[in-house]
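Quick one: this structure, given as structure tokens, is what I'll be asking you about.
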Amino acid sequence: MKLLVINPNISDDVSALIRTEALRAAAPGTEITVRTARSGVEYIETRLESLLAAPAVSQIIAEDAGDADAVMVAAFGDPGMPALKELVDVPVVGITEAALATASLLGARFSIVAISGRITAWYRECVGRNGLESRLASIRSLRTPLRGIGSVQQDFRADLVRLANEVVDSDGADVVILAGAPLAGLAREVAAEIPVPVVDGISAGVAQAEVLVRLAPGTHRGGSFAAPPAKANAGLSPELAGLLARQLPIRK
Amino acid sequence: MKLLVINPNISDDVSALIRTEALRAAAPGTEITVRTARSGVEYIETRLESLLAAPAVSQIIAEDAGDADAVMVAAFGDPGMPALKELVDVPVVGITEAALATASLLGARFSIVAISGRITAWYRECVGRNGLESRLASIRSLRTPLRGIGSVQQDFRADLVRLANEVVDSDGADVVILAGAPLAGLAREVAAEIPVPVVDGISAGVAQAEVLVRLAPGTHRGGSFAAPPAKANAGLSPELAGLLARQLPIRK
Amino acid sequence: MKLLVINPNISDDVSALIRTEALRAAAPGTEITVRTARSGVEYIETRLESLLAAPAVSQIIAEDAGDADAVMVAAFGDPGMPALKELVDVPVVGITEAALATASLLGARFSIVAISGRITAWYRECVGRNGLESRLASIRSLRTPLRGIGSVQQDFRADLVRLANEVVDSDGADVVILAGAPLAGLAREVAAEIPVPVVDGISAGVAQAEVLVRLAPGTHRGGSFAAPPAKANAGLSPELAGLLARQLPIRK
Amino acid sequence: MKLLVINPNISDDVSALIRTEALRAAAPGTEITVRTARSGVEYIETRLESLLAAPAVSQIIAEDAGDADAVMVAAFGDPGMPALKELVDVPVVGITEAALATASLLGARFSIVAISGRITAWYRECVGRNGLESRLASIRSLRTPLRGIGSVQQDFRADLVRLANEVVDSDGADVVILAGAPLAGLAREVAAEIPVPVVDGISAGVAQAEVLVRLAPGTHRGGSFAAPPAKANAGLSPELAGLLARQLPIRK
Amino acid sequence: MKLLVINPNISDDVSALIRTEALRAAAPGTEITVRTARSGVEYIETRLESLLAAPAVSQIIAEDAGDADAVMVAAFGDPGMPALKELVDVPVVGITEAALATASLLGARFSIVAISGRITAWYRECVGRNGLESRLASIRSLRTPLRGIGSVQQDFRADLVRLANEVVDSDGADVVILAGAPLAGLAREVAAEIPVPVVDGISAGVAQAEVLVRLAPGTHRGGSFAAPPAKANAGLSPELAGLLARQLPIRK
Amino acid sequence: MKLLVINPNISDDVSALIRTEALRAAAPGTEITVRTARSGVEYIETRLESLLAAPAVSQIIAEDAGDADAVMVAAFGDPGMPALKELVDVPVVGITEAALATASLLGARFSIVAISGRITAWYRECVGRNGLESRLASIRSLRTPLRGIGSVQQDFRADLVRLANEVVDSDGADVVILAGAPLAGLAREVAAEIPVPVVDGISAGVAQAEVLVRLAPGTHRGGSFAAPPAKANAGLSPELAGLLARQLPIRK
């Protein structure tokens, strides 16, 4: 299968981290293409930055999803989701929803460890949008300004492990989610230092996207995720306008 | 006060309806400017169409909010909200959240009457994002294809009144919200035919925006709605990039 | 418009604070009449004290609402609400519900700063009755006995500002509600010392009552807030009995 | 033990029904005193009527609870509760909360069968105030005007049994609550015609009050149900003022 | 009435504590039979240990409930509940659900004081299964390893009283539940040291079981707690197979 | 990887259906072993039948999980879950939780189509235990008695497709879950007749188990899913007692 991975942050450093972890996680036969947003911000921490990133993500889908079997949106907080599931007939998966689905199978309650205090409100709302507040034990985060987004996991490894242990010991977490594409791959390295399962969004996203392709549950030809009704539009890129012109979604 | 009203739909017909009702609702001294989205779709019914509208809305705010005291986003479902509240230091109000706040003062449970079946999933999620599911009695909608977006209230007046009575009689609604900018102003005309208070999003939005300006509760210099932290960005319009370059939000 | 403001506490000191802030908040053309409960307690802190205040509030409405366009119940916790909305055909607004509606437009989560520990349980239940638990970040309160109810804001200004900053920094509040009529007007004075919008119940109540009058959404002739069915009663004041004798609520 | 039973409705007919069922339900050694509200309405169906009944109920408690071991408030919807629990040091139990507690032990989800459509909104809010919405399968009610409040169970026996069967067959109820003091005793008569356990508020209230007396779990000398702090009051009956003058609640 | 009390723990020490408290709590005329699980663990602290205990509990019911009027499952966390309610036509009550129902009548929010940290997750899920999360103020627990399960209340009396006071002072509890059969009877001894009502599961369970027998609300001949449909089974004890062979549950 | 699949029903017919679909769903390299419960009932429809099945499931895990990389419990409703996750150090996945996790990635709200009315209460509680009530659009079921459990999908294909279309058209489902091992494999056959994605528990369970093995998130050495503390036990099979004797869970 072909998986289109989109980094909604404009940072190539983060795209490299995503690519490395995605390749490690992919099943044999999965081809990974990583694309980086051409507009937006260096690292999405807020609702607004997520909104600013969404056009670039939708444009990449419109340009490149034509021969993909699935799309993965690789920023925690899932910019543009679930709206983007209406855009194409193949599965579109956010790394947060994939991490939450995976964590939900590993224990009763999970906590999220994040890299900035500001980011936690947006993450909390994302968990809420997924209807999983009752399973969220806590969100804890670094409180120190970052030196650079590409080196967070090196710079703060010990702090992140400490936070992960705190959510288990003090907040009742059964599972820890290390949140944010800049932490891609860290879960593998620190799992032995954390007494419960540790979930990484990138690898969870790749694996869940593969599941959705392999199970082939069918497309949305009805319901609230079908392609929107045909109507006049303006100012959209030719690629997006082309997707909206689909009258009848067709099974891939 | 100056109120910038943004129609996230590209339809000038709907902008005209919005303008008329906004002027009727405005207090003496409120200046209304209505702007229409330059990109997006004719009438937003889905999550994806909302996502496609958001860039145009944020661009209008970036261009024109400089001397506004408040901004109103005039499509039910509140495209781009609450993210847009992070963008400027003046209040940004969606007509759904304004209608919900207003309805919440008029009774215990409210219902929404909408103009298409497809639109109801998006509206339901918007109520959920506002944390008010427990006060939503029901959503009922027209099921017939529309002849045109500008004439919905003429074409379907009787059906809409019937739906409004059904939600009172069968669903336990204490308040009815006539949802969607295309119904702007209809509430005034049909209130006598509906046995409970009827709320219109446009007039509620104008009135609530005026309240927020007059109360002057202060701006977000901290918390999760402050301007995002300074960081690199790319591909944004000069106006949006300019707003993001604010380091310290300043009280208007 | 004429707004009848009722202080459910028997304290004239608090009525004076309420009057001052209500006048500051009122739009041009709003006439404010403030009435003080003739029975009840000095300052309502508990469910029982709220229950004891309700008869005096309903009696004042029955006596004086005849030519009012709206009624405001000016104690946080909203004694007698939402029951009192069934009593007359004009809007009856509590300052808590008005503060919550206003705060809900200013951010995602709000906290309440209160003047006694005992009062917090009652406030929490009031937020719950409004269905807004998921948006309540926290309630924090003074823990020191008050010298007098009329001088709370002078005596504890610094403590209240400190609590307001704590709910932003530690509890994730996007908006602070300074709760209780004895704090009427304090929000204006301390807004600059608190990094998020600050809402005052009295001014929010006045402004929201004005909105409901101006929007004229219609009265409850059906649904669960219509006047109760005609039936035998006993022991009520002539004024209350008179209101209950309305068979068909008539639009003002 | 001595149980003070208060009918918040002014109807002596209903008091007689309550007395008969309370005596049938009482354990040996329980002395039942039934008092009827001197003010209020014939039959409480709304929030407002509940508010109007509360002063009479609190006055009876203040007058007569002095030698009672427990108090039962015998109108479904629990007028004045939970505030009245703050008033005296003995348990005060509403028949709704008692029915809900009892039903919760008999199955997963319960439904309420009520005697008027108007009453259902108030009942639903009462279930909500008890935090049990997730266990409420449905509320169904008679829709025909009543001939008289004292003869409801005779006049509508067949309809009530039909409604009880409908909630089992269509709404997934595991337990049926026949709601309202006018139905006191009906559960015993119709149990054989309903395929799940049937709970009556009056007998549940008596039994639960007995449980609370026998278990003697202790009084509220702290927490949010302790007697309110001493403070000035006005316009209260001597008996109520006397109760409020208690400085330190004393164990009975 | 005859009450079959089952200790799902294999510990005879705990059975003795249960018997003593059950006898103290029982009404005149209640005959108590206590049976101890023959398989399972010494003291149930986890979901798995609860699962391992359930077969022994169901077997005792199948063997001994034939002439019982009610069954009480005497381990906090209610192993096997609510499934066991489907097994026989008499009421089956868990001590947790009985404690929760009792506590719910004594205040708005309750806390649970438990004897080990590990046990709290299981208790929290049990409260959730009863739909009462919104009334749970907190769970606090001992953190020290126990010397022996039969002497917990002697060994940790002071710590347990301290925890009970903490939940009132810091967590807003109106009622304290001392959880776990090993604490049977402690509530009576420490009530004077805790400023709110204190509920003991064993005595609450006995009292509530008596209520259900005396009210005789009827059996489950329909709904989701009726005896399961007849079908092939295998490997069950003769007693359990015999119970399943009931085609039509018969009123006792 | 080696996947131990356990059919908690005693029916070999259903085990055959499970095996066929599991093999179709498995990735290359996954070895499937299917075991059938030796005790319990032909087809689990109720909480009690689930409880009766759990000992057989735990016994099979204790006997056979020694060289498995993951365990799948193949009855909808997830008998014994989540308790069984505490039993071994490899992932234990129920087909309901796997179907819910998978469905949650395909749309906002899902419905369950079931094969008997009685079974729906148990399924609803299972969704609730997973914290996903807010995403459950509805449960609809066959109402006709089954001819045989092995032929349900042949006998009722048209009815099941009709129910699946009803939940989309009337209940707002974005995804349909065909529930119950007897429907294993049906989703593949009917996907073209249903306008939204259709999820099958068996294939979802296999795929999710593979994900958990491949991601290797680590085991529970702490938190509420670690192996229970060492303590006395009795009456357990040697295999179960052996598992409980593990003092320190060891990473596989």
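In order of appearance the chains are A, B, C, D, E and F, and numbering begins at 1 in each one.
In this section, contacts are C-beta pairs under 8 Å (C-beta built on N, C-alpha and C of every residue); 3 or more make two chains touch, one makes a residue touch a chain.
Computed from a predicted structure; not experimentally measured.
Shared contacts of chain A and chain D, meaning chains that touch the two of them, come down to B, C, E, F. Look at the contact of chain A with chain F and you find the same residues on each copy: over half of the numbers used there are shared.
Residue-numbered contact pairs of D-E overlap by over half with those of A-F, the repeat interface among A-C, A-F or D-F. Remark: chain C and chain D have CA centroids separated by 29 Å (rounded to whole angstrom).
Centroid to centroid, with C-alpha atoms defining each point, chain C and chain F lie 51 Å apart. Centroid to centroid, with C-alpha atoms defining each point, chain C and chain E lie 43 Å apart.
Multi-chain contact residues of chain D, defined as those touching 2 or more other chains: 82, 108-109, 121, 125, 134, 172, 174, 223-224. Shown here, the protein chains touch in an arrangement that is not a line, ring, star or fully connected set.
Inter-chain contacts, as defined above, occur between A-B, A-C, A-E, A-F, B-C, B-D, B-F, C-D, C-E, D-E, D-F, E-F. Those residues of chain A that touch chain C in the complex are listed here as 120-121, 124-125, 128, 133. Residues 10-11, 37-43, 45-52, 54-56, 58, 80, 82-84, 86-87, 118, 121-122, 125, 129, 223-224, 228-229, 231-236, 240, 244 of chain D are the ones that touch chain C when the two sit in their complex.
Of all residues in chain E, those touching chain C in their complex are 108-109, 134, 172, 174.
The touching residues of chain E, counted against chain D in their complex, run 25, 27-28, 82, 85, 91, 93, 97-98, 100-102, 104-109, 130-132, 134-135, 168-169, 172-175, 187-188, 191-192, 194-200, 203-204, 207-208, 211-212, 214-226, 251.
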